[in-house]
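Before anything else, here's the structure in question.
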Amino acid sequence: MYELGVVHRNIQRTEAAIADALGKFGSATVHEAMGRVGLMATYMRPIYAGAQVSGTAVTVLLHPGDNWMMHVVAEQIRPGDIVVAAITAPCTDGYFGDLLATSFKARGARALVIDAGVRDVKTLTEMQFPVWSKAISSKGTIKATIGSVNVPVVCADALVHPGDVIVADDDGVVCVPRAMAQRTLDAAAAREANEGEKRQKLASGVLGLDMYKMREPLEKAGLRYID
Amino acid sequence: MYELGVVHRNIQRTEAAIADALGKFGSATVHEAMGRVGLMATYMRPIYAGAQVSGTAVTVLLHPGDNWMMHVVAEQIRPGDIVVAAITAPCTDGYFGDLLATSFKARGARALVIDAGVRDVKTLTEMQFPVWSKAISSKGTIKATIGSVNVPVVCADALVHPGDVIVADDDGVVCVPRAMAQRTLDAAAAREANEGEKRQKLASGVLGLDMYKMREPLEKAGLRYID
Amino acid sequence: MYELGVVHRNIQRTEAAIADALGKFGSATVHEAMGRVGLMATYMRPIYAGAQVSGTAVTVLLHPGDNWMMHVVAEQIRPGDIVVAAITAPCTDGYFGDLLATSFKARGARALVIDAGVRDVKTLTEMQFPVWSKAISSKGTIKATIGSVNVPVVCADALVHPGDVIVADDDGVVCVPRAMAQRTLDAAAAREANEGEKRQKLASGVLGLDMYKMREPLEKAGLRYID
Amino acid sequence: MYELGVVHRNIQRTEAAIADALGKFGSATVHEAMGRVGLMATYMRPIYAGAQVSGTAVTVLLHPGDNWMMHVVAEQIRPGDIVVAAITAPCTDGYFGDLLATSFKARGARALVIDAGVRDVKTLTEMQFPVWSKAISSKGTIKATIGSVNVPVVCADALVHPGDVIVADDDGVVCVPRAMAQRTLDAAAAREANEGEKRQKLASGVLGLDMYKMREPLEKAGLRYID
Amino acid sequence: MYELGVVHRNIQRTEAAIADALGKFGSATVHEAMGRVGLMATYMRPIYAGAQVSGTAVTVLLHPGDNWMMHVVAEQIRPGDIVVAAITAPCTDGYFGDLLATSFKARGARALVIDAGVRDVKTLTEMQFPVWSKAISSKGTIKATIGSVNVPVVCADALVHPGDVIVADDDGVVCVPRAMAQRTLDAAAAREANEGEKRQKLASGVLGLDMYKMREPLEKAGLRYID
Amino acid sequence: MYELGVVHRNIQRTEAAIADALGKFGSATVHEAMGRVGLMATYMRPIYAGAQVSGTAVTVLLHPGDNWMMHVVAEQIRPGDIVVAAITAPCTDGYFGDLLATSFKARGARALVIDAGVRDVKTLTEMQFPVWSKAISSKGTIKATIGSVNVPVVCADALVHPGDVIVADDDGVVCVPRAMAQRTLDAAAAREANEGEKRQKLASGVLGLDMYKMREPLEKAGLRYID
């Protein structure tokens, strides 16, 4: 790890069917299904509302104010991938705009997740190329220092290995390690199986207190009602 | 105050007609009418633009990362209420999602105001169930520790008693104490009475300097014009 | 500088044709064309998405929680201006709402850029009067202390002189000094001249690595590929 | 509540013996003894390390950038009091310096707790007049708008009534409501009673796992050891 | 302004006697004497307590993560100067450590004021070379892009021209423009002239309410006392 | 990775001689020697100034507001270790106080690095048990949910594996992966070898411009001097 100046060309991607299936559940369900780990910091926000995607991670490690490696990672993108960009120190510069988005899209990328800034958000919205970022910034970057592609990275508090599954929507971004992907998918499916029934009950006025049988444990925990 | 493990079932709600009428003025006018107090911190943002609501507060005090009491407060909701959720320490976890929203809505709640995170925002937006929160987060919560319902709470810098009026819109969230509700309503109405006329004058090019007769006090305060 | 209590009535505005032309390029291109300076802090966000404007700056320096000078600056607005409001200490209060917007618009202002809060954002959105601000807040302000109009100000990290050009869009806000406006316009035009061609190439799958001939310098910098 | 322009001269202070005794336990123990409520935000920091005080609260509500009421509250201070200053909107200005500290000290105040800024910290340190504040700032304030003295205030997330007990040290600031003071004192004393013995055991190498008999509940919760 | 790649060798420094005299008053008094402008953001903190300095500004504009120009500015330092370092985008990297401090000190610099990070703070403290900074960070910087020396810069919200006076102490950092230096010094001296007498009165228990004759204006403003 | 409910008892620690030797260089030199990676966020601050330590990491993953696993990790500490505590979501609660410090110290721990809060800082300072933390907070924690010990964790933006070397001082905290420890030590030693000579030169007035032969590259980069 911390290999600088290295591009790994061969990575083991999570099976596409699994990566795609995870996306349908959304980040909240997937995060629960994982045991409540793997979530990126809540400052990671989508540049427009409504996008919900999943894909396999290709990672890139960049230096503050330097987006040179974005062009290097572009070559490593395969259809179905999501680029995850980490920076070696906090930075809000706009590393990514409409030209790079055009290139990423042409390579088959589904989204960008970047722990820094992005620009040309109006055009990116028109292109419907979703980005989750820490900031929106007009500030451009230089191309002076090399970083790495497809090494493990820490992006917005989450550890991401190349080939992991990224699930992102309006609620945030989750990373599912490749080795946990199948089992997380199963757990997510199990969670959702009876959600429809629950929703119907709650909509009819049944209380969670009764549906989940919470009255007794609450009383045991000492809850008192006062009239 | 600071009663832990207590649910007050009988609270004195502000009269519905007053609570409803306050909502029409919006948070900025109501906040002015109160003498510029009672405003929640500006980090409280709506999950979607355009919602404008008012209602009577039912309050819930929760612990960080624990949403057990959300189910307890659900039972205390009456039509026209807004749930105000405070946490005993800073937390951005997603305490509330589409299932709880379904339940709250079925009970007659008009909105949730929470000094923490919320999730399933896409679904909440489709349901048109408005939420004002500090964060959006996929992170779920546990159900291990009891808090309280319908005790006074500090939510995002504002003190809220059960039965107070909450007014929330794109500009923010204001709490009007029950004892001040009628007088605040009167003051708000008085404020707005001549706004239409003012707006027309300003639109026609009349300056606030003249309309509000500010030139003399400004000169007295020492303002100098330089050509 | 730091003249308090002064209103400069005669300022040298950048030529309207130049100010207007700069707006078409957007803040990111203009910022690059300036050599990556002049950008306001990324916390300056538009109250609604999609606005893209440029204009000549009239500046106002206000005190925390006091918007008296907003009425003074209104008189100095000419068609094509953008008001740039700076505060002498950090403040999130709502200095500006629909009445002032009506007045500013009637005077010909195109936008407000304020390093503080704004309110009535729903109405401002309906009026399509764009504002870039640090916060949205219902909190009103008093009218007790005089500041200055059309003095140099520091607004959200950027130095703005009256008559400079402001370019603002979804990516942020840039200030172009009057003396640099023509040359920045030329540089921006040059930058964009061949963007269309580049975009087409990238869309067809050509990599930036090849288009920008980066492979050799990357290799020289030590980049290694591992299979 | 939210009375503006009011000074309450007669408040019910917690008994001095209780207020003093609570201070000896420090904020962490007192906070635990209260059931983990009443703590101010962690951004409240002492201007110098090592101070540990308690006292009865006299409260003051001020407006952003305006310290007029600091002179009003000074008259209401009695020996053993701690002044708790809240602001109606976020502000970092320096409301308090060496002259006011001289006055407060002469009146018998033990400390200032302020949800804003303070200045002259070098002199205050030499005077050994402790202050817990959100910021340190040279910025002075005006005297234009009246607030209130001895009304309930929200200070750094905590609700403080006049006469409550404030306990402050390097770990933070806690407010103990008057009605809970005796029982909190008892609980704090009970907590500390066997701390010495525990400390000795732990120092000798006994593990908390054994001392608190945690091994069984941890195993029940599913904890697995892997060699 | 915004000249990039330029070093101004000849700047007009404020007279040394004035710069030195201002330092004796400290940042709070000087800031008041200026009319409450010119203060840097409160996030600018000294790396150790107790330092109080003043001097003439030599300025340097750097790029994020790049400290090359620190070596360029070193040559422009004259005895009695304070280096003011601004960055073109937010950055917390450690631009400055013990080697540069040794060089700056040898050139006669009294302090560094930097809107970014600093490192080797233990050694700097031992050397008693004071630094006011936004952050402390081990992160080093590269030397790839040129900036400017002795151009006007915006540092932590304050506009600083080369030759201005910097006054820094535990309360913060103020910049006094050269043209205002003499008059600010006079105003500061006037402010302090009768502070000793005031302090003595307050120490003896006289209230500010009486000393400043505030009772009448407070009553006029509507302040009411309740027993 | 992300094993929840697991305690790894056998970890491969970096050789003690290497871990100890790295500490002598301090975090800035070590961070440079690693190629400028591995640094924790700058919000991680020591609770008292002057501590400089290194040691082998034992890691613990905790839930927000829950310090149960702190007792579990205590048993895994061996002399020379530093405990690195990560939380699954942002939290400022005080997870650690004087009792746990007594236990950790008895087990041979040299320090705690925690991405959350700590309390009893006065006692910890007297004990000279150093802690680097995100916050200081009186707020206690519960013991309800199990996490993990000696799994890889993300702590304050840095990835830490059990057995890695932690170097911490007033400048911050760096994690050196076990596999890089020897080579980082060599690089750090090489960096410092000629620092003494450099320091002497700079102290005598030689400029970095000359010592590092920067004049020519600066000129090539376009730097212009103006008299």
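Chains: A, B, C, D, E and F, in written order; residue numbering restarts at 1 for each.
As a convention for this text, a contact is a pair of C-beta atoms (placed from the backbone, for glycine too) under 8 Å apart; a residue touches a chain by one contact, two chains touch by 3 or more.
These figures come from a predicted structure and were not determined experimentally.
Listing every chain that touches subunit A and subunit F alike gives B, E. Shared contacts of subunit A and subunit D, meaning chains that touch the two of them, come down to B, C, E, F.
Chain centres here are Cα averages; for subunit A and subunit B they lie 31 Å apart. For the pair subunit B and subunit D, the distance between mean C-alpha positions equals 28 Å. Multi-chain contact residues of subunit D (touching two or more other chains) are listed as 36, 39, 42, 63, 88-90, 92, 137, 139, 145.
Chain pairs that touch one another are A-B, A-C, A-E, A-F, B-C, B-D, B-F, C-D, C-E, D-E, D-F, E-F. By the touch criterion given at the top, residues 1-2, 4, 34-39, 41-42, 63, 88-90, 152, 154, 157-159, 177, 179-180 of subunit C touch subunit E in their complex.
On the subunit A side of its complex with subunit C, the touching residues are 5-10, 48, 68, 70-72, 74-75, 92, 94, 97-100, 102-103, 105-107, 117, 119-122, 125, 135-140, 143, 145-146. Put simply, subunit F touches subunit B in their complex at residues 63-66, 88-93, 137, 139, 142, 144-145. Against subunit E, the residues of subunit F that register as touching in their complex are 26-28, 30-32, 36, 39, 42, 45, 49-50, 52, 169-172, 174, 195, 198-199, 202-205, 207-209, 212, 214, 218, 221-227.
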